[in-house]
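Should a chain be cited, it is by its letter among A, B, C and D, assigned in written order, with residues numbered from 1 in that chain.
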Amino acid sequence: MKSANSSLRRNFIRLGLLVVGIAVLDVALTSQFYRSTLTLSLIFAIAAVGLTLLMGFAGQVSIGQGAFFGLGAYSAAFAIQQLGIPPLVGLVVAAVVPGFFGYLIARPILRLSGNNLALATLALAAVFYVVATQWSSVTGGIDPGITGLPALDYFGLSHIHVVLWLAGICLVICTAVALLLIDGRFGRALMAIKTSEVVASCTGVDVARTKAIAFAIAAAYAGIAGALFGYFLRAFNATSFNVGLSIELLMMVIVGSLSTVWGAIFGALAIMVLPNLLEGFDHAKLLVYGLAMVAIMMLAPNGLGETLAKLVTRRRVAE
Amino acid sequence: MDSFLQNLISGCLLGCIYAMAALGFTIVFNASRIVNFANGEFLMLGGVGLAGVVVTAGLPLWLGVILAIACTAFVGVLMQVAFLNNARSADELSLVMLTIGTGLAIRGAGALIFGRSVTFVPDFGLFPMLLMGDVYIVSQGIWIALTLVAVGIALWYLFSRTTFGKAMKAASQEPRAAALCGIEPRQAAAAAFAIAAGLGGLAGALLAPISAAFYENGVFLGLKGFAAAVAGGMGNPLGAVVGGLIIGVVEALSAGYVSSGYKDGVAFIILLLVLLFRPQGLLGGVSVKRV
Amino acid sequence: MTELLKFQGLVAGYGQITVLKNLNLTVNSGEIVALVGANGAGKSTLLNTISGILPVRSGNISFDKKDLKGMRASKIARLGLRHVPEGRRVFAELSVEDNLRLGAYGLGRSEFEAGLDPIYKMFPRLVERRNQLAGTMSGGEQQMLAICRALISKPRLLMLDEPSMGLAPLVVAEIFRLIKHMRNELGIGILLVEQNARAALRIADRACVMSLGKFELEGTGQQLLRNPAVAEAFLGGNRPPVAQAV
Amino acid sequence: MDRRQFLGTMAGAAALGLGKISFAQSANELRLGFLAATSGPAAFLGASERLVFDLMVEQYNAAGGIGGRKVVPVTYDTEGNSTVAAQQLRRLIESDKVDVVVGPSTTGEALVLRTIAEESKIPLITMTGTESIVVPPTPYVFKTAPTDRHVSLHMLQFAKEKGWTNIGIITSADGFGQAGATYLKANAEKLGMKIALAEEFGPRDTDMTPQILRLRRAGIQALMIWSVNPGPTIILRNAEAAGFKTPIINSFGVASPALLEQAGRSAENTYVSTMRLLIPDLLPASDPLQPVVAKIAKEYRAKYNQPVTTFVGNAHDAVKLVELAVKKISGPLSRDGIANAIKSGVSFPGCNGMMAYSATNHGGQDDTLSPVVMVQIKNGKFVPA
C-alpha cells in the first residue's frame, strides 16, 4: 500500500508540473495559433483520459467516444442558449447528460467484448452522427448547426485565454479524479475485470456495474471535452462529430500509451500537433499521416509515449 | 405495390455491393482474425482506379476492370506483407489501428494518384435495361447481381472444395498447428488479403458507373460492409451476403417509406440490434468450443 | 538406424527469458527418445524450438544433415519432421477428413489418398466420422486424429507433446500401442514428451530427464526407470503401492 | 521518466511556439491569406477556387503588384473541416501575419471563422452563399457568392413564369442541401407556390429511385434538385430510367461542364440555375457582366487547359474586392484599413453580379441584377433558357 501511495504522490507532483507547464506555455506562446493548438490538445486530452480509464484500465474498447463528445457539446449549447444556464454550469450539464446516457447504454453494450464491442461502439458513433445531422430543430443539422455561443471573456481576459485555462483546469481536475479512482478500490476492481471477469466476480466485484460506471465516466469526460470544444469555437455543426472523431480519440489513447493517464495527454498533444507538422506535404498530407500512424503502430505498439519514455529510461540507466 | 417492388430491387442491388464489401471483411477475418478497417478503401481504389484507367487514360473498359482488380489485390498483399506481417505486437487493438492507418494512407495515395474529382465511368453495357411496367432494373444492376452470384460460387468452391481454401481456414483457427502441417500462415493471410482486396476492387469498379468514383467513398462503403459482415455473422461468407442484402433492402425501404435522411442510420441500428441480441450474427452458428 | 535429428549447444527462450540452456541430443530413425521432467522444465519449449515455432538463439541444429536454424515451421514440417503439439490442436471447424487432407498439405492428391487407406484401416472409427467436424469428437479421438494428421505425411521423425494428457487409461494404452507400432513397423524416429513418465520410460529406447532447461540425466528407458532419484522425483518412488495403482 | 517525457514534450511545444519564423514585414507588400478545402468532400469548390486565386496573384505580381505592392500569397487547405479551418485561420493571422484572408468556401466553416475574424479583427472575405454570414453585417466579414436566397428565388420565379406552381424538391442531407431546402421552402411560400413533397438523400447514396418514385406519385409540375455532384447526376439518371417526365431544375451546385459529361443523355432538357461563368461564350453582349466573365474564363482555360467552373467566380470576385480595397489605401496597409476601405464603398462588375459593398451591404450583390441565369441543356450543351 505504501508504494501505491508514493506513486499517487508522484502522480500529483506531475499534475502540479502540468499546471506549471500550461502556465509557462500560456506566457511563452505568443501566437494565438499555437495557443489554440494547445487549447485543443488540452480539450481532447480530457476525452482521452476518460477513454484510457475505460480501455487501459477496464480493458473495454470504445470507438464511439465521439458520440458522447458531440452529446456534451450539444447539451452544453442547449443549456446555454435555450435554458439560459451560465457556461460554467453548462459544463456540468455536459458531463451529466453523456454520463447518464453512457450508463444506460453501457449495461447492454458491455456484455460484448473484443471486436464486437469495438463494432457496437462504432455503430453508436455512426447512429449519433446521423441523428445530429437530421434532428435540426435541436442540433441545427449541418447547416447552420449551433452558432452564436457567447464569448467567455471573464476577468478582462480574452476568450482564447479563458478557454485555455478552463480546459487546463478541467483537464487537471479530471486527471486528478482519474488518478484517485485508479488508486482506490474502484481502480482495483477495474484491473481485476481487465485480467479476468470471472475472477473479478468471484472476488465480489459487481462486474456489470463497475464496467458501466467506467463507461459512464469516460462518456462524461468526453462530454466535458465536447462542451469546451463548442465553447472554444463558439459555432460548430454535426460534421465535427463524425466517425472520424471517435477514431481520432482512440488514436490519441493508443499513440500515447494505454497504461497511464499521462499517455492519453501525450497522445492528444501528438495527434493535434502532427497534422500541423505535415502542412508542407500539401496534397500528400493524408498519405503521410496514414503512413505515420502505420509506423507508430508497427514500431511502438504500446504507444509512442510509452516507447519514448522507455528510451529515455534506458539511456539514463546506461549513463 | 410497384414502388415496393422497385424499392426492393434497388435495395437488393445496393445490398449486393455491401455484400461484396462484407465478403472482403469475412475472408480476411477468416484467414487472420483481423478486422480490416482498410477494406472499404479497396472498393474506393477499384472505383477511382477504373475511372483513371478508362476515363483519364482512355483504355478499354475490360482492361480497366482487370487492372483495377489486379492493382487493389496487389495493394492488399502489400498491406499484409509489409505492414501486418511485421507488426511487433499481435495485439488485436494495435492491429486494428494499423489497418486504420493503412486505410488513411490508401485514401491519401488514391487522392494523390487519381485526383480528387468525382468521376462517372460508362456503364458496362451488354445487358439491356429490364422494364416490367413501372419496375425496372438498370443494366449495371444486372452486372452487379450476376457478379455477386459468380463471386459467391467461386468463394464457396474455394473454401469448401479446395485444399488451399481449407488450409486458409485452418491457418486462422490454429495458426501454429497449421504451420506444423506445412501450411505457411503468412502465405494464407497474404492470399486472403489478395482475394479480399481484389474483390473490393471488383466491387468498386462495378459501382463506379452508378455512384461515381471518389477518393472519399471508402469510408462509407467500409462501414456499411462492416455492418453487413457482422450482422450476417463475422467469418461466414453466406452471412456476409445475407447481411449485405438485408441492410441494402432495409435501407431502401426506409428511404422509401420513412425518411431518406435517417436511412444511413438504419444499417448501424441493425448492427447494434444484432450485436446485442445475436452476437454471433444472423447466420453465425454456435462456434465449436475447444475442449 | 540413421541419424535424423541432432542438436548441440541449443539455447532458446521467450523474450528476455532463456529457457533452454545448452542442450545436446541426437534422435535416430526407429527409436523412441522420451523426455520426462516436471512442469516448466522446458520440454514443450524444446519441441517448439525444434519445429521452428520458437527461434534458435544459439547452437547447431540439423535434421537429416539439413541446418534447421532460422527455417520456418512450415518448411521444417515439409522436410518430414512433424510435431504433434500439446492440446492436440485439431482444426475444430473442419471435418475429420479435411484435417487429414491438411496433414498431407503440399503432397500430391494421389499420395494423400494412398496415405489415407492405411490410416483408415488402423482406425476404423475415423472412417465412420470422416465427415464429422473434428471439434465435436471426444478427446481421445481428437488425439488420434492429431497423430494421424502428422502420420499421413509419412514423416521420418515425429515429436509428440503430452499425447496422453487428460485421456482415459484405455485410450492411453491405445496411444502407446500406436507409438510402438510407428517405431516398430514404420521405422519412424519418435521424440516423446510425457507427464506419465513411467509409461514413457517403459517404451523408450533412450530417455532424458529435463529440469530447469537442462538435461539432468540420460540413459536407456530401463536405466532411468531403475534410477532411485528418478523414481523419487517422477514415479512416486516411496509412495505406498495403493497410491501408485490409482 | 514520465516527467522527463512530459517536460520534453512541453519544451518541444514551446520551441514550436517560439521558434517560428518571424517574417520581415515590408511596407511594400500585401500579405494575402487564402483558405479553402482543396481536399475532402468540399474539394470540388476549393480546388478551382485555389487555381483562380493562384492565377490572379501571378497576374498582379507580373504587373508589378497591386498599387505597387507585391502580393505575397499564403494558402492552406481546410479539408472542409471547421476545426481545421479555425486552426488555419489563426495560423494565417498570427504566424503568417496576413493583411486579409479570402475564404473559406463552405457555410459550416464560414460560421466558425466569422467569430474568429471578429475576435482577431481581420478582414475575411468568404466565398460562401449563406446569407446569415453577412446579415446582420459584422465589421470584418464579407462574402462574394450569390446567396442561397438569390438562387432559390431565381429557380422558383423561373418555374412560376413557366406556370409550374406545384413543386417537388430533393436535397442532399448535407450542409449545402439542408440550407437549400430551407430557402426553397421559405421562398415558395412567399411566391404563393406549393412544395408538394420535399425529399432528401445521403450525400453518398447510390440510388435515388425510391425518392423519384414518390415524387412521381406526388403529381408535381417541376422538380428542383439542390445538391452537389454526384447526387444530382444519379438523380437525373434514375429519373430517366424511371421515365420521370416532369421538368427538372438544378441549382448552381452542379453548374459545371462535368454535368454534361457525367449525366449525358439523362440531363437533356433539364435546367440549371447558374452563375454566368458556366456559359462565358453565350452571354449576350448586352449583359453588363459579359466582359468580366469572358476575360477570366479565357485566362483560366488558357492557363489550366480545363473548363472553368462557376465557383471560380467566387474566388475571382473576392480577390478583385481585395484589389480594389487595397488600391484605395494610400498609406501603409492595415487590417482595419482594408476592412474600412471595403465598407466605405467598393463597386465593380464581378462574375457573380454587380458587386456593391458598403457599410450595410457586406454581401456584394446589389439586387438590381440577378447574380444567376437559367440555362437549359439542349443536344448536350448549355444554352440560355
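We take it that contacts are C-beta pairs under 8 Å (C-beta built on N, C-alpha and C of every residue); 3 or more make two chains touch, one makes a residue touch a chain.
Predicted model, so just to flag it, every value in this text is computed and none were measured.
The chain pair B-C and the chain pair A-B differ in C-beta contact count, and the higher one is A-B.
Taking the mean of each chain's C-alpha atoms as its centre, the chain lying closest to the overall protein C-alpha centroid is B. Centre-to-centre, using mean CA coordinates, chain B is 42 Å away from chain C.
Rounded to whole angstrom units, the spacing between the C-alpha centres of chain C and chain D is 74. Mean C-alpha positions place chain A and chain C at a centre distance of 52 Å.
Taking each chain's centre as the average of its CA atoms, chain A and chain B sit 32 Å apart.
Residue positions of chain A touching 2 or more other chains, listed in rising order: 133-134, 283, 285-286. Annotation for chain B: residues touching 2 or more other chains are 111, 259, 261, 264. For chain C, the set of residues touching two or more other chains is empty.
Of all possible chain pairings, those that touch are A-B, A-D, B-C, B-D. Put simply, chain B touches chain C in their complex at residues 163, 166-167, 169-170, 173-174, 176-185, 287-291. The touching residues of chain A, when paired with chain B in their complex, are 55, 61, 108-109, 111-112, 114-116, 118-120, 122-124, 126-127, 130-131, 133-134, 243-244, 247, 250-251, 254, 258, 283-294, 296-299, 301-302.
Those residues of chain A that touch chain D in the complex are listed here as 13-14, 17-18, 21, 24-25, 28-38, 40, 133-134, 136, 141-145, 147, 151, 158-160, 229, 233-237, 239-240, 260, 262, 265-266, 269, 273, 275-276, 279, 282-283, 285-286, 305, 308-310, 312-313, 316. Note for the complex: chain C touches chain B at residues 51-53, 72-75, 77-78, 82-85, 87, 89-94, 98, 101-103, 105-106, 133, 135-136, 139, 142, 149-150, 153. Against chain A, in their complex, chain B makes its touches with residues 35, 83, 86-89, 91-98, 100-109, 111-112, 219, 223, 226-227, 230, 234, 259, 261-262, 264-265, 267-269, 271-272, 275-276, 279.
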